[in-house]
Amino acid sequence: MQLSREDLLKAYRDMRTIREFEDRVHDEFAKGGIPGFVHLYAGEEASGVGVCMNLDDRDKIASTHRGHGHCIAKGCDPKGMMKEIYGKRDGLCGGKGGSMHIADLSRGMMGANGIVGGGPPLVCGAALTAKTLKTGGVAVAFVGDGGSNQGTTLESFNLARVWDLPVVFVVEDNGYAESTASAWSVGGSQKKRAEAFGMPGTEVDGHDFFAVYDAARQAVEFARSGDGPSLIHVKLDRHYGHFEGDAMTYRADGEVDRLRQERDALQIFRTKVSEAKLLEIDQLDEIDAEVKELIDQAVAEAETAPPPTEADLLTDVYVSY
Amino acid sequence: MQLSREDLLKAYRDMRTIREFEDRVHDEFAKGGIPGFVHLYAGEEASGVGVCMNLDDRDKIASTHRGHGHCIAKGCDPKGMMKEIYGKRDGLCGGKGGSMHIADLSRGMMGANGIVGGGPPLVCGAALTAKTLKTGGVAVAFVGDGGSNQGTTLESFNLARVWDLPVVFVVEDNGYAESTASAWSVGGSQKKRAEAFGMPGTEVDGHDFFAVYDAARQAVEFARSGDGPSLIHVKLDRHYGHFEGDAMTYRADGEVDRLRQERDALQIFRTKVSEAKLLEIDQLDEIDAEVKELIDQAVAEAETAPPPTEADLLTDVYVSY
Amino acid sequence: MSKKSFRQAINEALAQEMRRDPTVIVMGEDNAGGMGAPGEDDAWGGVLGVTKGLMPEFGRERVLDTPISESAFIGAAVGAAATGLRPVAELMFVDFMGVCFDQIFNQAGKFKYMFGGKAVTPLVVRTMFGAGFRAASQHSQCLYPIFTHIPGLKVVIPSSPYEAKGLMIQAIRDDDPVIFLEHKVLYDDEEEVPDEPYTIPFGEANLTREGSDVTIVAFGRMVPFSNQVADKLEKEGISCTVVDPRTTSPLDTDTILECVADTGRLVVVDEASPRCNMATDISALVAQEAFGALKAPIKMVTPPHTPVPFAPQLEDLYIPTPEKIEAAVRAVAGA
Amino acid sequence: MSKKSFRQAINEALAQEMRRDPTVIVMGEDNAGGMGAPGEDDAWGGVLGVTKGLMPEFGRERVLDTPISESAFIGAAVGAAATGLRPVAELMFVDFMGVCFDQIFNQAGKFKYMFGGKAVTPLVVRTMFGAGFRAASQHSQCLYPIFTHIPGLKVVIPSSPYEAKGLMIQAIRDDDPVIFLEHKVLYDDEEEVPDEPYTIPFGEANLTREGSDVTIVAFGRMVPFSNQVADKLEKEGISCTVVDPRTTSPLDTDTILECVADTGRLVVVDEASPRCNMATDISALVAQEAFGALKAPIKMVTPPHTPVPFAPQLEDLYIPTPEKIEAAVRAVAGA
């Protein structure tokens, strides 16, 4: 265990922030307050946070369409995020990106991506920058199980290997790509694929923050010390539908209830740290209250924040034109 | 050994036809008689012929930019091919395709392809047709070592697996993609990649017709009996440059001379069949003479054949428009 | 004849053609849905339900779910088309063409020519396009000018449920590769649509309004917008012809030129990005072939040269509206 | 100043910028060449030798060979550009865009807008285009109309060695993603080119000929063809302006409109496929903005709507020639 009390508190706070953020977006979407396609990360918190706890300001991540959790884990401002999701002018992307393109390059978060498999090539580039400019940085590509079958992802495995890039591929396997089971769509296995391209691969329980954290620590150290890319196959679950509005008819009866009870990353974390006497439940409850307050504020501010103005339509296309 | 005398004679004739065809195209290109980009298959004969000897009229292949050998092995008419490479109206493709798009769908040859990695998805489609219409056919994708890193190829591995398609992927690894060594560009290994996507993979010596033939027989039977895709990694060499005009500065001194002497597929075949008393050298020499005559005629006819006419420019774009 | 939505019209076209011709198959991500999953088997019927119900009737052999591997499965559709099937492959959003365009434009679109005529590739690529869904920059594009640019492809843009059904049946029966673009905002539009199969030929424009002052050429969702404008202006004495070309490739140039010859004024309405788009294509055609008939400058109504923004306020400003079309028509009518 | 080929001009631009700015890197298939091979290390310098010699000077850290994985390495260039490098990535032939277009049009081209302005992506994609090499349908296309269609991309088409050097240096220094198109048939063209670095700004057309009767707008290899025609017709008393826009995006619309205002007649010459191409783009611009100045129909000179054929006789018929340009100019001049 290499994590300090502060680290543990931060990990929990980040995971709780993600959960609260997503639960709240779910509710507000249902009420009609949020436009567009929204994909929620609730249930997958231990992955984003377990990985990003190993990263610092030199490091970059690229996300998927399911990007809110990665944003929060990499240090983006939840209020700016909420405003973005509401399409407001002060949102992280000025309201032009929305949930699907939420990003903050100043935090090393290279964007959610509307294109499945869009991120891995970009991450190879971020890693190339780190390698070329000798910044010591590493770059992490989050990919879904569905995205693991995209050619862009598979090419990136090989490119990262032959260019010896400081990359970590994190395959977040939540069992489904939309309604299609990963058990069907993924031939072979993620770990074997990694190895077949010449890099180490591991599998971890993505409900267990500590398991993810440890695997990511090793992978990040591997990359940072110049040993090249590796892959982590994280098995986890999503609490909501593919996107908001999905009736989830493809899931088993009671599946979601069961996993919420039996495999909830936050609950598992609480039990572990309190049983090991690393943190007290009171402290965690306090964080819960603080986070709730933060997200309440974020929603309240987002609701009343001004939208973009007509002039904004034409700006930000080019640096100069 | 399941090959009859006739089979062996046919195998040798096909390999010799490819060799003679390519050597001759090399000479004629140097003299300026042939336009465009031309990629020669000389040296790789045992692969195309060893594979295609296992195929029949139900079966389809898709080739690479280095397509002449696959054409001949799949039964395309060398005279029509030569005319095509000369850009003549009676060429296999009416002079509109040339070397890089040489094809004969009526022979199950779905085309050379100017796009590296273009063929594997197409082959999945041909296999899907066979499976859907229950023709009993299988489909073979030839891919180079360079092409094995293209996302289209890697996606096709997975698609063929999850759709359980009767496909054989044949990775023809001649050590280079243009001037870049496969030892560098291919992370991991072909066999492991196949296995990592859930299909069998084997490695064979591509200078040895019998080794290729045996591996292909198994793979084709596997596919035909409904067991799905598999991959054969064929190691071989090309006798000429990447394309005609390539000075091959990236190859070792004497490399080509050495492999022509030590690893020549035709020579190895001759030695094997004569030592095993399966065929007589005389018979083979006779074939050599016949093939030479055929190719002489092919060139002579191609040289004098009429080019396409102005009206041909506008035809064959659509079935109806 | 009964009221059907745009979505139902396409679904019915697919079902009827699958019944008629056993070589017609459908494939795409979640086109049946639920593949390998514990819940409902026919779970989605495509992300917006267009193929719902096909799998129960035709089985998973003819309604294939796919991994997220557009190059491989669109390419497989191309290869299947070239070897005896008539696949209808769904590229969920046309915005995803960037991961599979090669199989469409260099393979499907060129087989026939490259192979000297000795190939047929009866492929349909169904795909969703257009803004208005708050779906942001990578899920709202039109991109049909790109497909129209490519020789060897046919490009179809239905503007109503009736059009959608007839054009889809034609697309499936057609022997060339067809890109079939479905405007996502139109899916719930309804109108009377025959229950029987019927085809609408390609390259024949539909005059949804006939008038004498101004010709409006429009595509997809811009057709109903243009009809609105025509109806409104009719009352004020500005009489418009509205031309829905239905297919951008082949393009019914004769009808467009005839209408311009009659009216002498042209407005082209195109939801696609403004550079090298269908508005420029048709304007250029007319400037070359019917210059003498023109009484006023041609006007193009398009979005600005920007990606599609997410914020609803911005997206509404981005999309050409009836108001902008009306202003353009008034401008040329007054010129 | 010394005579340099188009190929040398680009090579020199790359070398000079790499010397000036350590964040400039070059990547592409065989851009150094010989990676991992037993023979010469700087084996190819790109398939036609444009990057030859860069690796010996700058090392393999700054001149990267790549696997044949265009999505991954073009995407890596995009990601590198967004994080602090100035990559010049080679897409060997523009025809290969179909396997990597997403990273160009949905990622590089949209980052700035989607991220609310908080991204710069100073990327150059160098790529070869054009017919005339007997390279058949998949190695001879132009395709720049497709890139021009996409907001967020800049598109550059140099027509001579001088233009190539100045535009390449500008492209590298430019903070937006730039598609830089090199006509393969021009590589051996030579002219006097300054030895020092210099830039040619984007969006400023070059008038290679100035005349009073007809405006010819042309791109790439069509510029020298148009110059030939102008020189020939000058002697017969038909005086032409030849406009080389140099960049299709941004496009110097002002200069084009001024020239048309002066001459009243327009011929647009475009080697790209005829539908939704630059010929239509410019014709439409003029039909909308300078209609009153036009004394004759606009004429477009383009190839037919077919793939590029292999046979030399057919390819020669396919490509717009000085003869065809001349005929078009005579037609509008006489009208």
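Per-chain residue numbering starts at 1, and chain names A, B, C and D are given in the order in which the chains are listed.
Just so it is clear, contacts are C-beta pairs under 8 Å (C-beta built on N, C-alpha and C of every residue); 3 or more make two chains touch, one makes a residue touch a chain.
Quick caveat: nothing in here was measured; it's all calculated off a predicted structure.
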Using the touch definition up top, find the fewest steps from subunit A to subunit B. 1
Common contacts of subunit B and subunit D? A, C
From the centre of subunit C, which chain's CA centre is farthest? B
Starting from the mean Cα coordinates of subunit A and subunit D, work out the distance between those two points in Å. 39
How many angstrom lie between the CA centroids of subunit C and subunit D, rounded to a whole number? 30
Go ahead and note the Å separation of the Cα centroids belonging to subunit A and subunit C. 35
On subunit B, where are the residues touching two or more other chains? 93, 95-97, 101, 113-115, 149-152, 155, 158, 162, 184-186, 317
Going by the touch rule set out above, which residues of subunit C reach two or more other chains? 67, 69, 71-72, 95-96, 98-99, 102-103, 106, 110, 113-114, 136-138, 151-152, 304-307, 309-310
If every chain is a node and every touching pair an edge, decide which shape results: line, ring, star, complete or other. complete
Subunit C residues touching subunit D in their complex are 71, 95-106, 109-110, 113-114, 136-138, 145-146, 148-152, 248-249, 251, 272-273, 275-281, 283-289, 291-292, 294, 296-300, 304-307, 309-310
Complex contacts: residues of subunit A adjacent to subunit C: 35-37, 87-89, 93, 95-98, 100-101, 113-117, 146-147, 149-152, 176-186, 248-253, 255, 307-308, 310, 312-314, 317
Within their complex, subunit C touches subunit B through residues 23, 25, 61-62, 64, 66-67, 69, 71-85, 87, 102-103, 106-107, 110-120, 151-152, 154, 174-176, 203, 250
Name, in rising order, each residue of subunit C that touches subunit A in their complex. 29-30, 33-40, 43-44, 47, 65, 67-72, 95-96, 98-99, 133-139, 304-307, 309-314, 317-318
Of all residues in subunit A, those that touch subunit D in their complex: 60, 62, 91-97, 101, 103-106, 110-111, 113-115, 118, 120-126, 128-130, 132-133, 139, 151-152, 155-156, 158-159, 162-163, 315-321
